[in-house]
Structure formats: structure tokens, C-alpha cells
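Shared between the two complexes below is chain A, which pairs with chain B and chain C, respectively.
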Partner chain A sequence: MSTPKPQAPRPRRRGFSDRSLAWFFVGPSVLLLLAINIFPLVWNIYLSFTNYAANRPGTPVRGMGTRNYERLLSQEDVWESLQHTAHFVTWSIALQVLLGFGLAWLLSRKFRGSGLWTTLIVLPMMLSPAVVGTFWTYLFQPQIGIFNAIVGLFTGTTEFSMIANPNLAPWAIVLVDTWMWTPFIMLICLAGLNSVPRDLYEAAEIDGASSWRQFWTVTLPMVLPFLMLAVLFRGIENFKMFDMVNELTSGGPGSVTELANIYLKREAFEKWRTGYAAALAVILFVTVFGFANIYVKVWNAVKQR
Partner chain B sequence: MLPPNPIKIGAAALGAALISLSPLASSEAQGEELTLCWAAWDPANALQELGKDFTAQTGIEMNYEFVPWTNFADRFLNELNSRGQLCDLLIGDSQWLGLGAEFGHYVKLNEFFEEEGIRMEEFLPAGVYNYATWPKGEPEYWALPAMGDAVGYVYRKDWFERPELQAAFEREFGSELAVPETWDELLQVAKFFQGRKIDGRERYGIALYTERGSEGITMGITNALYSWGVEYADPQNPYEMEGFFDSPEAVEALEFYKELYECCTPPGHSDAYMVANLDAYRSGQVAMQMNFFAFFPGIAKDEDVGDVSGFFVNPRQNVEASVLGGQGISVVSYSDNQEAALEYIKWFAQPEIQQRWWDLGGYSVHNSVLEAEGFEESTPFAGQFLEAMSNVRDFWQEPAYAELLQAMQRRVHDYVVADEGTAEEALDKLIEDWNFTFEMEGKK
Partner chain C sequence: MAEVRLENITKDFGRVRALEGLSFHIEDGEFFVLLGPTGAGKTTTLRTVAGLERPAAGRVLLGGEDATGWSPAQRDVAFVFQQYSLYPHLTVFENLAFPLRAPGKKLGAREIRRRVEEVAAKLRIESKLDNKATALSGGEMQRVSLGRALVREPACFLMDEPLSSLDAKLREGLRVELKHLQVELGATILYVTHDQVEAMTLADRVGVLVGGHLQQVGPPEEVYEYPDNLEVAQQMGHLPLNLFPVEEEAVRARGIDRIGVRAEHLRVLPEEQAGPDDLRAEVLRVERLGAEEVAFLRVGNRRLYAMGEEHGRFPDAGEVAVRVETDDSLAFDPSGRRLDRDPGGRGEAPPGGESPADAARRMARGLRD
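After this line comes the complex of A and B, so read on.
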């Protein structure tokens, strides 16, 4: 018996290797990402250490070291805008979670017309935030606004002013954001509620658990990862909020609704302190990125419980 | 070292690609079209009408880019900063002259004026000073005075003339219900009308400027500050503001404006500028409105309120003064059509065109128009316009004006509308902001 001849290695086929083919497909996306995401970010960080002003072509750009950051962190106005943002984010999300979860809970109990109600409830989130901001200025109009007419029905006032009153205006933006985005939380919670296996409830019932107990030990833990995801999305979005509030109050009266991003826009495109505004943008980015990372870690822990 | 501008490079590449594909890219179209940029308001329509004569005379087509006032500065300053070629001619705010000149956005017009025999002496001196020169008052011209304007007031003449209202006013204040000549009288009249039922409807005193986002509340409050005789800074030392812009007069003027806002404006009038005031007045909500003269031709022609409206200038308190509006027309240095643009300026400077400009509803500041026989009677507000233009004052016209303006918007809105702190604190903070700006500019 003759031993089989060892096979000669196959000649390499001409063309792309798997690796180059992968780069061929991924490359354009990577380039695009670098061009429109990474490069502007790096450029922004560079500008934040300079006195660059975009409205002064021809003016020499000087390095400022960390002076932009030092000035920003010692500015009362910056801290005020961050406080306004914190108030807005905290209250709007708290209300949206309560209302969104409540609505999802109701809609998860199938009843006649629940589909229609779901559709109607999600309508506000289909609108553009700028449009919402604009038309709510009419609803809040002290003399002809529907909102004021409703308040008047209960309180008897005829000239109640929501967005012109410095004490109420911060609540006006919370209210409008809640009106617009509660459906988003509701939809995600609804998906969570529908994904809870029925047999868990059956087992709980057999064990004699009350409805309240079932809610705390079955429903809430199962829906919590969904709810936390929704809160993450809304938290990031509201931290970046600009358009709706800009249309609704322009940051006023005075500066009581001047959120961090409205302040940033004014510094960058009205005062044209580009370097200074770039430093603020870096601070906001690091803040939201840091919070989001910590939050995601917690979220992962909750999911794995 | 200037950082390369990546946005500009990208935009230029995209622009070049689009232009190369565009059917408009033929060389034939070059120089035969001009784009004039301005705000979207009544006088812009008049200018568009006037421009038809220019096209008929020269064959140069006119395009217009009109942007609402609230976005006007954002839009066109961005255009200038990015060295955009959208505008060949720009009717920019008087405060832009400093940056237009210093950063090379505008073409200097001295030589052109000399060659074409356009003499600045033929225009109202206040117009030339405010709409054309940089540095201020120096014979260096960056614009042709195009549109004179100032802040004035409109009132419901028919209400002021009603015997029952006159009697009620006399009972309440012991004086005649008449056009206010001082700020004290303005406050009295506004208080009188506030909440008063006239023809079965509740009316309010006055629509003031209170807008936060662009320049509104500054344009309003400076009416009071100038009337109290407040100076921005030491006349001998133009960037020393302590003791001037925070003087007792400045504090009093600011407190007075706040009082007027709180007592006598319509509910929710907390973010109002030109259009909001026009709406409040036209809808019969208020007895008086503060607004630019530029709107007065439209009001005089208005079907509902035209016949019943009267006009008056900014009341005096310690001195007579009015807030400057209006603009000059400049040639944008990034334009490829500078020759045609200069042709337009030459045409626009002619006395007969200036007269037609006034007739159409624009505000010429050409002496031949203003000094013409019968000018003061030509409209119900022509006399007041002349009076206002004789004592106009403007905000800082510095290259850093946008920064200075935004600081003022914040500090005075915080005090007047949001009721934060005191007038002294607001002015102190404002001076601190302005000092910082001037220090960064190397002027202090």
C-alpha cells in the first residue's frame, strides 16, 4: 500500500482576505464616525484650552491653559444653570416614571378600546419638541390660553400666568416635558409588563401572595430593567434639553429656566466666546458620560439579579 | 496662529460640488443678480418695491433674504463669520459696524463715495455717525445710511379724547389726560388705563419691550436710562463705567422701568418685543405701545387702529433722548458681485430715490428729504421722527457688542421680569460682566 502523497498547500486565491474585506465594509463607517463624531470632539477639547472666538476671523488664537475651566467653575451663572437643569431633569423624570408606569399598568390590563387609548396617549411624543414648545406658549397665554382657562375654573383667577411667573416657569417646562414624554416611559414599561411570564403570577397566587405582594415581588423586579433603560434615555435627553425650552420660555423669565444647554448656546453663538463655551461643552459631556456609565453599571447589576 | 476651520472646508467642498452641478453656475449669471439681506419687517417690503426701479434701470435682478428680527443677528452674523457669500448687500444693525470694519466683513466705502460724489454731508449727522462710521465719528465709512429709526410710542388717540375718560383721569390725578411728556406722566397714564373697562373690554396701560432672547429688554430699558441722562462710561475715559452706569440716576431709571412693567403691562407680557407689542396694540389690549418708528407707517394704514392712533417720542425725565434704531447698507467683502453692489449703493444714494424710499414707507435720512417743504406734515409721525432723530443714542457699537448686549439682557431681565435682587445689584453685576469683556479685549 502506498502512502498518500502529502497535499501541496492550496495556492492562495486572488482577491481580498477576510480581514481586508471586513475593513472594506467597516471602513467607511469608521471614517464617517471619525469625521463627524470623534474629530469634532477632539477639536472641541482643543478649543476649550484657547481664547478662540468664531466671530473674529484673523484674530490670533492664544492658549489659555485651564483658565476657561477655572472661570467656568467659579461662575455663579454656570452653577445656576446646572441647578435649573438638575431641577428639570429630576422632576420631569420622576413625574414621567410615576405617570408612565401607572398608565402602562392600566393599559396592560386589556380592556375594550385599550389599543385606541394607547395610540392617543403616544401622540405627543410624535411631535417635534420645538413645535410643542411653541404651541404650549399659546396654551399658557394668560388671557386666551386653555391651560389658564382650566386653572381659572378651579381657582377663579382670570389672569393666571404660568411662564411669565419666575416661581412657576420652572414647573411649566417640567409639565410640558412630562406631557410630551410620559408616553415614552409608558411604552417601554408596557413592553416590560407584557414580558412578565404569567406562570410567575400563578405561582405567586398559589403561594397565597396578595396583589400588592405580587406587584412588589414579581411585577416591579421584572419591569425594573425596562424602566431603568427608559429613565437612562430620558435622563440623557433632558440633560441635553434645548429646543422645547428655548421655544417655550427662552430661558426666562430672567434666567430661571436657563438650562445648561441654553446657557451654552448663548455663550457660543450669541456672545461668541467659542473657547469658553467649548470648555463648558466638555464639562457637560463628561458629566453626562460619567453619570450614564455609573448608571449602566447599576442597570447591568439589576438585570443580572 | 489661526486654527484651520474644518466646517468651512467641508462647507466649501460641498458648496463647490453643488455649484458645479447647478444650472445657475453659468458665467452669464455672474454680476447680474444681487442678494440684499435684511430683517423681515414692513420697511423691507418697501425696499423690495423700490428695488424694482433699480432692476428696471440697470437690468440687475434683485433677490432678498429677509429674516425675522429675533433670528436676524444669529443668522447674518453667522453668515459674516463664516465668510459666506449669500449676501452681496447687508443692511446690518448699527452696532455691527465695529466688527464689520475690524474683522473685514464690510467694504470700506470712502474711495467709492469720493469717486461717485456721494457726500455724507447730505445726510443727517446722527445718521452718518451711527449708521456709517467706524471708529465712531471718524470720517471712515463702512455703510451708507439706509434707514433712520428710533424708538417711539403709539397711543389710542380716540381713548385719550373721550370726555368720560378725561374726566375720570382728572378726578384721579388732578391733571389733563394728555400725551405724556415725562416718564412720570407716562406711568400715570399707564396706571389709569390698566385694568380699565373700555367698550366692555378690559384694557391695559402699555406694551413695553421685555424680550429676553435677542435685544428686546435692552432696547426698552435704555429708553429710560437715556431719559434719566445716564452715560455708559466716563466721557473722558470711555471704558470706566463705575459711577456712570451705576449712578443713582441709572438705579432710579431701572427701578422706574420695573415699576412700569409690573403695574401697567398686559398679563404675561414678559418676553415681548416688536411684534408682540404690535399685536397687543392692534388687538386693542393696550392704550400705548413702545415700538420703532419703522412700524408707524403700517399702523397709520391699519384698518382697525390707523385712524385712531397718535404718535409721540420718548418722554423726557432729566434730558430728551431716544433709543436709536435703523441701519446702514454695507457691501459684504466676501461678495463676488461687489461692483454691482456698489452700483446699487450709488443708485440708492440719489435724492430722488431717497424721496421715493420715504414715500414708500422707508425712513430716509437724506437731508433733501428731511428738509423738504411739507415734510413734517407728510405723515402723522414725520415731525416726531425728526424730533427723535435729533437726540438719538445707541448701545455700545464695539466689536464685542454681542457679548455686551447679552450680558445686559441677562442682568436687566433677571431684575425687571424675574424680580431677582435690586437695581444696584443688577447694574453692579452688569458692569462686572462688561469689565471682563473689555479686559479680554485689551481695552482696560
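After this line comes the complex of A and C, so read on.
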């Protein structure tokens, strides 16, 4: 019995260790995340440096270096689509903040039926954006559309088309988005307004502060973090806007409502310039990511105040 | 400063009647303390004077003018809230300066700074002026809240338990300071508290509020010694009142239903000194508080509280003799009203009968048997 014993198996504990149990739970999500988020992102970055075209699977793929990016940045269309996006984001957010905050202000006064009004106002938000885009094409109909009929009451003319007129179409998409998403900003502002303790207003009133001063020193500082969060969500969403506008105008007339994402979809799935579109996707991603990061820094600073 | 007068104020919250027929007045420059247990309607009274609540009936007069319909700003009162209510986004300096920047005030920046710094020094928060109002301890917040009232020169000050969340040392210090300030400024103050020590030490006059009814108004010593009824007697004392039910027919026939003796008037003697009229009690527990001590006693199934001032006076356990020694015992009729309420007639035996003290002594015998 002098032969060395084979190494005794280490005493095995029953079941899993904490760590392996943790991996067991987290693993599937990590794999899923890798498969549907990280891999496509990396693959997209790779494609952005090639001339790959998704409709010609057999043809050899050539590396293009940074040529896709160079072409993108010198392309008139791209800059125009970014301008359309900027116009759309800026105006839709500005209007939604004004209207959303105003409505929240009114509803926070808790009059009779304010709960019912809240529910009614929130309805548009519950609809699918594509459905909203589609039915607004009917509302904007010059002959039978109710929108034109209502404007006609005030101006006397119904012979105009919000979505066929290149001057009006950019405003049409702002209008529809505002109609749909003002309730979102309103809801978040309402939560903010309700978080203001009532006794602060009473203290201010006793200290002889006007309503205006109460608004600036009590209401606004307390609601601002809420409002900024809502603006962040809406900003990112509208920068990525596709579905509603695609249904409503498909980027037309001409290309006046061609937002960056609609342009992207054309390049990728109508012209099949996959590598080129991939490069644009990377640029959009970096832009929105950068803006959001800066914004969150500012937001944190405001919250700390 | 101005005098404040409340006439027949009634206030309901839905079904709850918070105040009923409340009337009292505060003279110009007077320190008036409203004392009452939680839920008595103290805060509601202050809010009504400030114009934050509208009474269902009655009038509020400020400086002789009917102010019932005035807005809080028009009334020009300063309010120290129970829960501080500082402006969380402003610094301590800005919080203190806030009322000075009201449109009617028209003060220069220099004058505002001077006043704020003066008040901050009085309340010892000079070093915190640049802090955010939320970056303070509870005691500091309470002082800022006081300061925000003191920077103004209002018609009157309304203070809702402003010292309640301070630690004992600070509370005492600030109590002295507040009284001093009030005398110095000649300020009219309506001060609300549930603490009878604050009422005794601060008040020129005290009003006892229980269940929305004002029970009694008067100088604190008088209310302490001659409470109109059982509720007032129980409010004005920091240990529960020792209550003895009266069973003897001869005493009951004179309308006396219960006898009350304050803890500080219950004499506790060593057993060997016990007289025939004294009560034997078992000592349950003694709390020695330094200068004074409190004994928790039991006679039969009744609890008694005794308070003494000299150290080492109560034995920790065993039996003691209890004597209702003075004429400070209070006699109450079945409705809780105090009998023999004439301050001059204190201790006088009612004609043809024994004094309340005698009755108590005799009743003590009854308890023992």
C-alpha cells in the first residue's frame, strides 16, 4: 500500500456555492443581453467599416476604412436630416414642457373632477405611435379631416394640407407628437407638484410672498428635478423618432420631415447601403449617448441643490 | 405689536369640531401661552389667528380691527411652525431674509444683512448662515424657524411648540432667551405647548385648552393653584394628579365627588412617624432625578405619585406613610368642577363641615381599611 493515493476528492458541499448560484441566476440574462444587445452593436460597428449590403449576401465584403464616415459627414442629406431632427426635438419638447407643466399646475389644484380630467388627458399616451400616425393622416385630410374643419372655423379656409405642404409638415409632426406626449410630462410634473409640502406655501404666504415668488422659490426648485427627468426621456425618444412620423408623412413631402432615423431606414432598407447606414447608426448612437450623459450630470447637480 | 382678540371662534373639520366658542384676548406686549394635550385644537387656533384657516363662526381682531376676512399677508403675523417649514432650496441666510424681501418691506440689502446677522447671533446660528436649510440638525432647523419669525416686526408672533424638538439643555437655554427677547421687544406672543413647565415659566397668562374648549385663563400660578376643573388640574402638573374617590356620605352630601392631591403635595414619611390619619403605601419604584425624586406608590389597587425635593428621601422599597398634609388638596364635584374656588377662601373649611384636607385624610383611612 505504498503507492501514492490518488488525490482525495475535495469534500463537496451539497448544492451550489453562493457565487455559482449567482451566476446561475444572472447567466441567462447576461447571455441574452450579449446576444441581442452587445453582439449586434459590435457587429454594427464592424459593418460600418465595410461596404456590406444586406440584399447581396453572396458578394465578398470589402473593408472601407473610415470612408463611410467621411462620406456621411460630407453628405448634404445627412445634415438636413439632422436639422429636421433638431427642429422636431426642440419644438416638440418645448411645447410639451409648457403645456404639460401648465396642465399639471391646473390639475394639482384638486378641483372637482380633476381625477377624471387626468384620466382623459392621459389617454393619447396609451395608444400605439403607429396608430396615432395613421389616424392623424385622416384628421389632417383637407376635405373631411376634423383638424382642418376646426382651423377653418377660425380662419375661414379649410383648403390647406398639414402634411402635404412643405412649410406645414414639420409642424404637423411636432403637433401630433405634442398631442400624444404632453400627458407624459404632465403626469411627471403632477407627481413633482404633489411632492411639495403644503406648509411651505403657507409659510411663504405668511412671509408675504406673492404667488409669483412662491412659484420661483418653492414650486419650481422642487418640481425641476422631475421635469428634467421627463425631458430626458422625451428627448431621447424623440431623437430616435421613427414610427409615428413614418406613418404620418414617411419623411415627405420631399424630405422636409425626413428625420435622421427615417433617412437611416431609407439608406439601410430601400437603398440597401448597409455599411453606410451602419456608420450613421453609430454616429447617432454616440450623439445621443453623449448628450444624455452630459444631461444626467446637470440633472444630478440640480437634484443636489 | 398689537393686541389680539378672538371672539367665539368655532371651527369644524368635516364632522370633527376642533374649536368651540373660543374667546380670549392677548394684550399688547403680552406673552400668552395656550396649554393643552395633543389634539386639543392648539394648532388650529394658531392657524385661525394667522388666517390659514377660516373659522365657521366668530371673529378674529388684530389691533382692534376685524381681521376675520384678511389674508395671512395682510394680517402681518409671524408664524413658527411645529414642523419648521424651512424653504429647502435656500440657504439659512436666505431663509431668514425671506420675509424681509416681501414687497411691502422695501428694505435695502445692507439693512437686511444687518437684521439677519443680528438674529442669527441671538440664536447662535451665525456659523450656519451659508448652509442649505436641509443641511442642519433638528435643533438648528428649529432655531432658523424661530429666527425667520424674529427678523420681522410683526403685529404678533404665533409659535407652535417651537421648542419641542430641542434637547433639554438647549430647550431650557432658548426658553430663557425667548422670554428675555419678548420682554426686550415688548412682543405680543401667542405660544402653544403641551408642556406645563414651558407654560409656567414663559407665560404672563396661560389658557388651558382641552377638546376645543378653553377651560381657564389666568396667570400661571393662579391656574396652577386654583384650577377650575379636573382637566385643568391634570394639565397643570407634570405628574398625574392623585385622585381619591369620596365615599363617605357626609362629604358627598356637600357635593364633593373626588379629591385631588398633586404629587408635590403628597408627603411621604418613614413608617415610624406615621400618624393615625396617615395612609400606608407600598413603594413600587423611585426615580431619582438629581435635585428631585419621584416615587410610584400603591395603596390597595390604586396608584399614587409623590414628588420630593431632597435626595435620599424615599426608600427604594417597603412600606411608607403618606400624608395629605396641606390644604392644597383639591375637591371636585361629580362633573369635575372644582369646589371652593374662591382664591381667598383657600383652605377655609366650608361652613358646617370639614375642609377638603380633612376629607382627604379621612378618606385615606377609608382606603387603608
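Operating definition for what follows: the second predicted complex is superposed on the first by the 291 of 305 C-alpha atoms of A that agree within 3 Å, B and C clash if a C-alpha of one lies under 4 Å from a C-alpha of the other, contacts with A are read in each partner's own complex, and residues count from 1 in each chain.
Everything below uses one rule, namely that a residue touches a chain if its C-beta (ideal position, glycine included) is under 8 Å from a C-beta of that chain, and two chains touch if they have at least 3 such contacts.
Note that this is a predicted model, so its numbers are computed, not measured.
Of the two partner chains placed by superposition, A:Gly15 touches none, neither chain B nor chain C. When the two complexes are overlaid on their common chain A, residue A:Gly113 makes contact with neither chain B nor chain C. Looking at the shared chain after the overlay, A:Pro197 reaches chain C, while chain B stays out of its contact range.
Of the two partner chains placed by the overlay, only chain C lies in contact with A:Pro221; chain B stays clear of it. Once the two complexes are overlaid on the shared chain, A:Gly58 sits against chain B while remaining clear of chain C.
Within the superposed three-chain model, A:Ile163 lies in touch with chain B and out of touch with chain C [touch as defined at top].
Of the two partner chains placed around the shared chain by superposition, chain C is the only one that A:Asp207 touches, whereas chain B remains out of contact. Residues of chain C touching chain A in their complex: 50, 52, 71-73, 76-79, 81, 83, 85-90, 98-99, 102-105, 132, 148. Interface of chain A with chain B (complex): residues 39-40, 43, 46-47, 50-52, 54-61, 77, 140-143, 159, 161, 163-164, 166, 249-256, 266, 269-273. On the side of chain B, the complex with chain A involves touching residues 1-3, 6, 73-74, 77-78, 80-81, 83, 99, 103-104, 211-213, 266-271, 285, 399, 402-403, 406-407, 410, 413-415, 417-420, 440. Residues of chain A that touch chain C in their complex: 197, 199-200, 202-210, 217-218, 221-222, 305.
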